[in-house]
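Questions regarding the structure given below will be posed in turn.
Chain naming follows the written order as A, B, C and D, and within any one chain the residues start at number 1.
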Amino acid sequence: MLYYTKTAPMGWNSWDCWGAAVNEDTVRKNAEFIAQNLKQYGYEYVVVDIQWSAPGAKNHEYEPYCELAMDEYSRLIPAENRFPSSAGGKGFEPLAEYIHSLGLKFGIHIMRGIPRQAVQRNTPIYGSDRTARDIVKTDSICAWNTDMYGIDPTKDGAKAYYDSIIRLYAKWGVDFIKCDDIAREFPQCEDELKLISRAVDNCPIEMVLSLSPGPAPLEKAELFKQTANMWRITDDFWDKWELLYAMFERAEKWSIHTGAGRWPDADMLPVGAIRQDYDPNGFTNFTQDEQITMMTLWSIFRSPLFIGGDLTKCDEFTKKLLTNTEILKMHSNARNAHQVWRRNIDGNEFILWKAGCSEGGEYAAIFNCGGTESKIGIELRDLELPEGSICCELWSGLKAPIKDKINVRVAPHGAKAFRLS
Amino acid sequence: MLYYTKTAPMGWNSWDCWGAAVNEDTVRKNAEFIAQNLKQYGYEYVVVDIQWSAPGAKNHEYEPYCELAMDEYSRLIPAENRFPSSAGGKGFEPLAEYIHSLGLKFGIHIMRGIPRQAVQRNTPIYGSDRTARDIVKTDSICAWNTDMYGIDPTKDGAKAYYDSIIRLYAKWGVDFIKCDDIAREFPQCEDELKLISRAVDNCPIEMVLSLSPGPAPLEKAELFKQTANMWRITDDFWDKWELLYAMFERAEKWSIHTGAGRWPDADMLPVGAIRQDYDPNGFTNFTQDEQITMMTLWSIFRSPLFIGGDLTKCDEFTKKLLTNTEILKMHSNARNAHQVWRRNIDGNEFILWKAGCSEGGEYAAIFNCGGTESKIGIELRDLELPEGSICCELWSGLKAPIKDKINVRVAPHGAKAFRLS
Amino acid sequence: MLYYTKTAPMGWNSWDCWGAAVNEDTVRKNAEFIAQNLKQYGYEYVVVDIQWSAPGAKNHEYEPYCELAMDEYSRLIPAENRFPSSAGGKGFEPLAEYIHSLGLKFGIHIMRGIPRQAVQRNTPIYGSDRTARDIVKTDSICAWNTDMYGIDPTKDGAKAYYDSIIRLYAKWGVDFIKCDDIAREFPQCEDELKLISRAVDNCPIEMVLSLSPGPAPLEKAELFKQTANMWRITDDFWDKWELLYAMFERAEKWSIHTGAGRWPDADMLPVGAIRQDYDPNGFTNFTQDEQITMMTLWSIFRSPLFIGGDLTKCDEFTKKLLTNTEILKMHSNARNAHQVWRRNIDGNEFILWKAGCSEGGEYAAIFNCGGTESKIGIELRDLELPEGSICCELWSGLKAPIKDKINVRVAPHGAKAFRLS
Amino acid sequence: MLYYTKTAPMGWNSWDCWGAAVNEDTVRKNAEFIAQNLKQYGYEYVVVDIQWSAPGAKNHEYEPYCELAMDEYSRLIPAENRFPSSAGGKGFEPLAEYIHSLGLKFGIHIMRGIPRQAVQRNTPIYGSDRTARDIVKTDSICAWNTDMYGIDPTKDGAKAYYDSIIRLYAKWGVDFIKCDDIAREFPQCEDELKLISRAVDNCPIEMVLSLSPGPAPLEKAELFKQTANMWRITDDFWDKWELLYAMFERAEKWSIHTGAGRWPDADMLPVGAIRQDYDPNGFTNFTQDEQITMMTLWSIFRSPLFIGGDLTKCDEFTKKLLTNTEILKMHSNARNAHQVWRRNIDGNEFILWKAGCSEGGEYAAIFNCGGTESKIGIELRDLELPEGSICCELWSGLKAPIKDKINVRVAPHGAKAFRLS
């Protein structure tokens, strides 16, 4: 069943730090860190990203046309050399069990479709007398990964196939599915998405369904709201200012579709120790101010919050960034957020967002997209608030009554967040 | 100066009832009705619509190529036969004075550009040594009215011309300008809009600047917010269900641009005695439920509210419709409104909107776009509200605590509005 | 009646040399030159271009909103100060008579529509009880000239108006009408074009109907073939290499629509003494090689050939250019011309055209679009000709049998033309 | 080397009659028929169409994901069960030798790319140290056939692969290659096409390179002229009037690109005994008049002429259709063909084509696209011919001098062809 999440899901995902090469040991250590340090702040999902069935995966590059671990029913299973607890056909069940024992939830990545090697060998489909070649859509492949062929939803056996993989994941104890090669593949994958969503919804276990990669088409917003919990609004997001800057426009467009268990997703947070598969000293290129900007935007917009860095190397700044309780309260309580304006002030572009607060009052956030520190006076009337409103800046905790303008200095690529009452 | 209006402007406009043929007597009588009956609810602007300088105007059809009343500086003035108090070069000053004496504000319609007859005669421009032919844009005409040529903003004298008309209106006591043939004419009229807006902003008197006709292009939202108080999001709106139904999508798209003195405008309310120039018994074709739908949508979306009917014939239903204090409070206090979903339920399409409330709590509105009365249960979790919230329906005044769903019956083409706390 | 011209029309037009300011004396002198020097080569039409009814026209700039000479039936007539023989209501009849007496034909320019001043005054229409305002299309103006409003072809009186002007021109003795503001105004002017074409076709006198300005839309080729004799495939063509270069692509696209009395028109030849209204020493900026390129392309493509320069100042080169009998034979006898290829050879772009010849054999032309003289070998097999074909170069008259390749040097921006048999 | 063909290639192709299931016996029998009956008319190429390496091919449906016959260098070879002479690694060499012995030429079909099974097994590439996975373009597949992956032309080994297959075909004695999945795949396959074309051009043997499927994009005409001998201007053409009717517009657009060894291809002629894989009595659905229309259009347009029917069942009409010497002379000698007009006459649409003739005079063809027999008078002046021209109708052989019009009756969906001198 599609799980209703009152707030946007939070957790950790292996992609930014380990690419296709994540292994069981890393997952366990990150889960342990979360249980000890982040669980109380709301982080709960631990997600194993792409190609966990490829024995030879080494880094972020997908190995093309490689032999994948697969069961007799055309279903991919974990590569035992990378996930030892899966040996003997146990799949992800032992790992999920361990993560559940930490009070956390377990997620996996999947690709839309059926393994090409299953089609080559024409292997059976569980719960059907059809075989792999019967359900394949011959002209449907992923543009950037060679593992799968797409499924033809009109074919007998197609539904059985998707039901069979979701059933397997439910048996393993999977709480979260990140389904890839689907969120921007429209209109050609609309019916395939519906089939996957229905398979999840008909499964007795509650699961979050997350769609990748973006940008998901805005005009399909209602479809995403009906078929998934979260969907990517961008292509892969990385630690570059240009990508962060571009997110403001994406978030603006999607803002009216956020909330009530349905979450447009600005992608993982590339913070801390990322790209570990290439460099053990790999670290985010974002400045601290940029990270504050990112965390502020993701929170007022209520994007899902998935940490991308390897937490076993988590430094103090990153931990503080991720655990500011006022910011995380905004992530829970903001309502009807949207951009108020974009303006050039003294040569820097500023962006103002506001939102209601479910506990009364309003939130606001100001972003300085320019390259120099700059002063700005935010007029209360642009927030439709009366004179004398009390304003608390969430990153510093400073609080004061305001006459007509909130006067602040904002660092280059930095942000301030406010609670107003 | 562009006037900052804390709430979306409210008032009366002569177009829906008298077309191009409105006269002074009608304006005075409607103003008097407002002063006595509607002023306390917030209605304050009394607006004279198009072609007040055409002596022979008879109804909604514009008389083409007709001789217009004009002063020696190429500026249109009221036709004395229709506005007797303007005789002797007094313009709209006496009428404005009278309306101000009622505690109301006075507005007029203008067309972008300069009269064609001024160009033909090459008459002077006040405050400039240029003449009409010097500032005209030869390839710029209105598609549906033959009074004016457009202005070339790059020409010497162009600024002087727009300054000169705004100065004249300020002298008359005009509080509100509805500028026509501009809001959808992009990109060709962008610079002309800026010239007009700056003329208003540089004028010492506070005025509301309203732009017509729609649909204004959404991608120019920031420009409209910077240059005007309100701008039409549709072509002329009339009493047809199809037009009302189409407004939901327009309002959805514009919802993030509403508030803080800037108002996307869903156009006048064609209620009561409209089309009086054709038929003294003319009356809105909207059903009462459709009018409730309209008033609910305009209010939660915070559109300007301009009454289209001749108020001297105002009936009881119309008066109640326009003066429901809870609905008008929503029009003042709603914040960050947006559409939550559209769904087909039992064969009828329902639309759910929500908004925050500046006094705490939330507003919601449910619209039944289908042709039959239908029951619906609105889930509190779709509104992101907790169980046990108190719900008050604004049209009926009924109030009750809610467990998980607001269960209501909604009439065909009807609506319910809720305040939740 | 639309006149069937076996070959593309040839003559002289006043625009390139005198703009809107041409006068009777100039026309007579140019006609006399043609009669004495060019008539025997096929040049026969003498055309008075735009704004001959504007008394104050001074050069290529149109005087906007000016008073035009007009008869009592809303029809423009020549400005007497510029065309003295028209005095006393005789119109162009005396001038046409003189030109006929020289053995030549007479043409005039007109704008689509009815004079704005006729609409302003609401003057009568000959042969109808309607007046100017009855037939005007209120949203139809020319983008670059302010003389006229468009006609609404659905209105009573519209046909009568166009019939009345054609009748007047027939009475004057006009053989050629260049109708402007119509050839690229699609789809909005399609019905107006049909009305004009039918007026010409129903008139007892044979006239050539020429449409301007271009680019006429290619997808309307069949319409042009049915309604006109020639239509412009470009905007105004002037003495710039970029415009000449662009003509190759235009000619390529239109080549299959040329012939049988229907002529896509590459515009006047800006040769010799042009721009005389600005500068008595004005002269074409084209190099001699560029003029040879132009004359070669216009001739193999069979464009109409209208001389743009003032012939009273015709120099020796220009005269030779315009009177090469072999080139002019190609202009008469080429059939089914088309581009064979475009190729980069030694850094220069070459273009090869070919055509059949109505007297047997083939024509070919090679153009060097590059900036340096270059050698090229044109393979006979690219022309589908057998080895041993005899080749005559038309500009030089040199003749030789060819083995497999025609080896020539071509000047920068120059051309060679061949007759092969 | 790309072979220069003076006239558009003619021959036979196995697709229309046997689909993917053609076998050696059929090819030999058809070749024998051609040698005895059609060779003297110009038919010379015998082409084995798609999936000759699939042992299980049964009809026009491609067997997906099936095992193909392949050599150790990733190159497909004939399925021995269908082409017995290829046994023992001899490939098509024995068959080609037999066809050459009949005085004919031998052609084969190939798909762009490398077999998916080669990529799966990562087999070697002849003449390179790279293997299949090194040169594959991971996101490039055919939309309608599952045999191959596309090649990435930028990869080391890509050129070697294409060189290696062309070398193999040269060794076999292949004179004609029909390369599929390429002619409409733009821009994504442009560089792959260039690689294939260069491989052919660098091969010491002369070969014709034919590209499929259509519609090839018109804007790439120059590219096709430089890289291939013929290319399809339509998707598969079959025996339906709608498809034949649509060919007029395609031929019109491509007409200026025909000739000099480069041939836009209107596809095979579905005449006689077609669809034999489904029905031994399968026969073209075209009426005789429609076949005359097709043969006339293909000939004046100079499309390649490839017979689609199984010639072992050739009937008398079909044979006559294919061997009219006057029509085939037009196919050789027409020059610069193009459409003159399309007109509705008495309720039927008529289309007129004309062309020059390399031996002097002109060709013309009139097509009646309407459903009833109709009379038409073709004006000589529309053909730019003088009165008194002699006209010979090519299908009937009738000859007469013409005054001003060729008056003929044309059957529904029928055609007449003329030689005029």
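Heads up, the rule we're going with is that contacts are C-beta pairs under 8 Å (C-beta built on N, C-alpha and C of every residue); 3 or more make two chains touch, one makes a residue touch a chain.
Because the structure is a prediction, the values reported are computed rather than measured.
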item	value
Joint neighbours of subunit D and subunit C, given as chain labels	none
Distance from subunit D to subunit B - Cα centre to Cα centre, in angstrom	65
Subunit A-subunit B separation of Cα centroids, rounded to whole Å	43
Separation of subunit A from subunit D, taking each centre as the mean of its C-alpha atoms, in whole Å	52
Listing of all chain pairs that touch each other, if any do	A-B, A-D, B-C, C-D
Sites on subunit B touched by subunit A in the complex	4, 6, 222, 225, 252, 255-256, 259-261, 335-342, 354-356, 358, 360, 362, 381-384
Residues of subunit B touching subunit C in the complex	64-65, 116-117, 119-120, 122, 133, 136, 138-139, 141-146
